[in-house]
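Here come two complexes built around subunit A, the first alongside subunit B, the second alongside subunit C.
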Partner chain A sequence: MIQVIINGLLIGAVYSLIAVGLTMIHGVMKIVNFAQGELLMVGMYVTYVLYGAFVAEGSAPYFLIVPVCIIMFLFGALVFKVSVSHVVGKSETSYIILTIGMSYLLRYGFQMIFGSNYQSIPVSESLKFGSITIGGIVFTTTRLIAFFAALIFTIFVNYLLSSTDIGRAMRATSENKTVATSLGVNAKIVYIVAFGLGTVFAGVSGLLVTPLYMIYPSVGAVFSTIAMSAMVLGGLGNIKGAMIGGMIIGVVEALSSTYLTTNVSQIFINLVLILILIFKPYGLFGKGVRIA
Partner chain B sequence: MNMLKMDKVCAGYGDLKVLFDISLEINEGEVVALVGSNGAGKTTLLRTISGEVIPTSGSIKWLGMELTKLPENKRAVNGIAHIPQGRGILASLSIKDNLLLGTYTKRTKPRRAELLENALQMFPILKERLNFPAGSLSGGQQQMLAIARAMMMAPKLLILDEPSLGLAPVVVDDVYRILDVMKRQGSSMLVIEQNLTKALSISDRGYVLETGHMQMTGPSKELLNNKDIQKAYLGI
Partner chain C sequence: MSRTDRKNSLHIKSVFHVLRQNPIAVIIVLVFALFPAVCGNIYFINVVIEVFFFAALGIAWNVLGGLAKQISWSSACFFTIGAYAGIMMYLSAGVSPWISMFIGIAAACLFALVIGAPCFRLRGVFFSIATISCTTILRQCLIVFKNITGGSVGLNFGIRKNYSLWMLTFRSKTDFYYLSLIWMLACVAIFVAVKHARLGYYLRAVREDEDAAASLGIIPSKLKTKAFLISAAMMSVTGTLYVFRLGYVDPNALCAHDISVKIGLIAILGGMGTTWGPVLGAFIIIPLLELCNYYLQDFAGGGAGYALYGLLIVLIVLLRPSGLITLADVIREKMAKRKAAGSAKGV
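Presenting the complex of A and B:
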């Protein structure tokens, strides 16, 4: 039982990371990015390509984290500039169509380039199946690394938002763009940074799960749903909420797929989501107001 | 020397014309009041300065630079601080974060520590509650915070839109006492008010705006003693 919960928490941290990226974008520009899962898919393919080109077969992909971050930030900034920037602050719903459209574009665009076959990176068996045992509980190496990397990124974004000028500018823009502008904040730059970072988080999550999951163009759909549930469960626009929401979903998924079958985990995730929303309509940490 | 010079500015929202041929000047170290009744266009006039409303014709010069062509967020770095109507406090951010955002631009960032200390000295109430959300402050305290944040910007010109709005009379007195201190320290200000007596008592010169037209201008004392103004705005 404890073993199962631990497994859930470890993978849950990755879900948290995707949800944190989603929350960041939503918090700053009031847009739910329905293509977040596809951005993760892009991160997986970027990892795949970089791994094939620069990494010796069998070794771990983790030091690719730096180039993946840079590439994903630039990709996010580009996506924002070309498309999303046109719907920020516009009508209430146009962003839904836009980001859903973008998710299809990315999914089938990547299918055209890489084909729809399942790919994977050839990490060594020792990494793939390696584990550490502490007090009778087995910690899978890949999941453990994913957990700590996700944790570090979440702590980083918390620090960024709470204690840096760009973080304060993001929160200010989120609450009142006119006032932020009058204080000298360039909202365009704030939006680009927020969307870029949201994309980085999706991309890094993609990198972290490449040793665990197969890579294929529609892999994003799975993560999109999970991240969306995590975000809503934790309370919209709340970083801490997204973090804990991801963990809860990881645990629910692990419990249901271990004690029942893998296929029903989605049902239980949504069931938990419904239950929490019945008792806490704004999510676990939501206050009914949006806070970046 | 003119800091700000508006010349024949017309502006409005879409088909609705609000301002007609407005000319206005503010000199260095001067406190100017812009008064007028509800719907006269006072706030719209301010918005043309802050860049939220682009004039359809006319020019606004700030230290010789054409303000209408400057991106909205560049006003802060050029020394214009604007406290909007309703104070513009960022309620979900802490008081400290609100204040620190006053030094967001590169002009004031190097002096952050010094400016913060000055502001807190002037408003000790804020010092006790630095880490509380700004939304937890009372209306009067929020107005103090708005002024403190504007002071952090070390502005060459401070623009206030109805600083007395929604405040208890005692608190209004407090706000004006502070503005008076700032005036004596040499700040230039443009104060917009419906509270005519208050605004004209603190200012050197006044402008009277009526349905989008500049009706009258002159030294504040003269305006205060003007029979027409007394009749129209003070009911004496």
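Presenting the complex of A and C:
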């Protein structure tokens, strides 16, 4: 039982990281990115290509984290500049549709480039199936690394938002764009940085799960819904909420797929989401506006 | 004349009114009525049948999505419920689709009530995300309860021999073509009736400002639920008809997020809340996907159709967010201007 919960928490941290990226984008520009899972897929393929080109077969992919971050940031900035920037501040429908269109474009664009076959990076057996046992509980190495990496990135975001200039600018813009702009915040740059960072988190999550999952163009669909549920669970625009939401989903998934079947886990994740929304319509930690 | 009679005649009048208002639409419908007689290619006829079904679904989506601006991604649920109702009733007792259709409607409405209660408490994008969850729950349930629903393999009609309208088994494809065309036009009529009924005006009030509407004594969640029920019933009937053409159900293909998205996009790209928008949207999106999948299936991993679809969505949102049907208004305006300029010259 504890073992299962631990497993859930470990993978939940990765879900949290994706959800944190989503929350970041939503917090600053009030856009829910339905293509977040596809950005993760892009991260997986970037890792795959870089691994094939520069890394000796069998070694761990983790030090690719720096080039993946840089590439994903640039990619995110490009995506934002070309498309998303045009719907910032417009109606909900337009960004929902735009990001959904983007997700199809990315998914099937990558299918055209890489084919629809399942691929994986050739990490060594010892990394893939290695584990550490502490007090009778088995920690799979890949999941453990993913957990700590995700944790470090989330702490980094918290630090960034609370104690740096760009972080303060981001929070100011998210609260009131007009006032922030009039006080000298360059909203354009804030938006680009926020979207770029959101993309980086998706990309890093992609890198972290490459030793665990197969790489294929529609892999993002799975993560998209999970990340969105995690974000909504925690309450939109709330980094801590997104983290806890991701963990909850990880645990629910682990419990239901261990004690029932894998197919059931999806039912339970979504049921938990709907149930929480019934009692807390703005998520667990959301500060919803009161409706008269 | 009793009150209901007068109401009905009003609806019929408004339908005729719309027909008179849209001579181009009437001409297009006539063209499509004659299409199978001219086109001998069975493949193209099949594509157009698909278009009609998805146009019907798009119109049904538009009742809630267009009039009340509730972006729902649970359309595939009701479509699937209708399809399963049709095929399960047929396989277990040989029931005609014209009867199982109503059982499908009842089941779809029940499902809509169950998911509407929690979902309509949410607003905006929260509502959208909650409806996505509903599709996933239904699909996984269909897969998990194997002994009733056939699991992930789905169900199959097998060979049907007796050709009859009652059982919806036809010798030629053109029969189904006309059936789907008639159903699509019926959906247009239902949409127009709802739009011009009291419910339609209320829904549009909710769309413009939910709080203001509520303060004037409208109960938004009740109205949205009503629209949701109408939309669910229409989708369920479409599902029943559709499955009798398809011959099988596959939960992963039918109750998919992709299908919900396709239905919503058809309505949004065509023109949200407009009568003919979803029809136009279906005529652009479905042939694009079908033809690309048919002709480009060996090209570059077979993703070209959907990649183009994605590109098209992005472009339309950026260039014409109000929907393609509004292009017609632009053209109409230009023609009116030219006419005015011409008559001015004449004088």
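Criterion: the second predicted complex is superposed on the first by the 288 of 292 C-alpha atoms of A that agree within 3 Å, B and C clash if a C-alpha of one lies under 4 Å from a C-alpha of the other, contacts with A are read in each partner's own complex, and residues count from 1 in each chain.
The working rule: a contact is a pair of C-beta atoms (placed from the backbone, for glycine too) under 8 Å apart; a residue touches a chain by one contact, two chains touch by 3 or more.
In this text the structure is predicted, and so the values were computed from the model without any measurement.
Engineer: Sticking to the clash and touch definitions up top, decide whether subunit B and subunit C on subunit A clash or fit.
Structural biologist: With subunit A as the common anchor, subunit B and subunit C both fit in the superposed model.
Engineer: Now for A:98: first (subunit B), second (subunit C), both, or neither, which partner does it touch?
Structural biologist: The answer is second: A:98 touches subunit C but not subunit B.
Engineer: For A:168, decide between first (touching subunit B), second (touching subunit C), both and neither.
Structural biologist: first
Engineer: Where does A:133 make contact in the superposed view: on subunit B (first), on subunit C (second), on both, or on neither?
Structural biologist: neither
Engineer: Using only C-alpha centres after the superposition, what angle do subunit B and subunit C make about subunit A, to the nearest 10 degrees?
Structural biologist: Between the subunit B and subunit C centres, as viewed from subunit A, the angle is 90 degrees.
Engineer: Comparing subunit B against subunit C, which has contacts with more of the residues in subunit A?
Structural biologist: Comparing touch counts on subunit A for subunit B and subunit C gives C.
Engineer: Could you tell me if A:228 is touching subunit B, subunit C, both of them or neither one (first, second, both, neither)?
Structural biologist: The answer is second: A:228 touches subunit C but not subunit B.
Engineer: Touch test for A:111: subunit B only (first), subunit C only (second), both, or neither?
Structural biologist: In the superposition, A:111 touches subunit C alone.
Engineer: In whole Å, how close do subunit B and subunit C get at the C-alpha level once superposed?
Structural biologist: 21
Engineer: Common interface residues of subunit A with subunit B and subunit C?
Structural biologist: Residues common to the subunit A contacts of subunit C and of subunit B are 291, listed in rising order.
Engineer: So in the complex, which bits of subunit A are touching subunit C?
Structural biologist: Going through subunit A, the ones touching subunit C are 32, 83, 86-87, 90-94, 96-98, 100-116, 217, 221, 225, 228-229, 232, 236, 261, 263-264, 266-267, 270-271, 273-274, 277-278, 281-282, 291-292.
Engineer: Give the list of subunit A residues in touch with subunit B in this complex.
Structural biologist: The touching residues are 165, 168-169, 171-172, 175-176, 178-187, 289, 291.
Engineer: Touching subunit A in the complex: which residues of subunit C?
Structural biologist: Residues 69, 71, 118-119, 121-122, 124-126, 128-130, 132-134, 136-137, 140-141, 143-144, 211, 214-215, 257, 261, 265, 268-269, 272, 300-307, 309-314, 317-318, 321 of subunit C touch subunit A in their complex.
Engineer: Inside the complex, what are the residues of subunit B that reach subunit A?
Structural biologist: That would be residues 50-52, 71-77, 81-82, 84, 88, 90-93, 97, 100-102, 104-105, 109, 149, 153 of subunit B.
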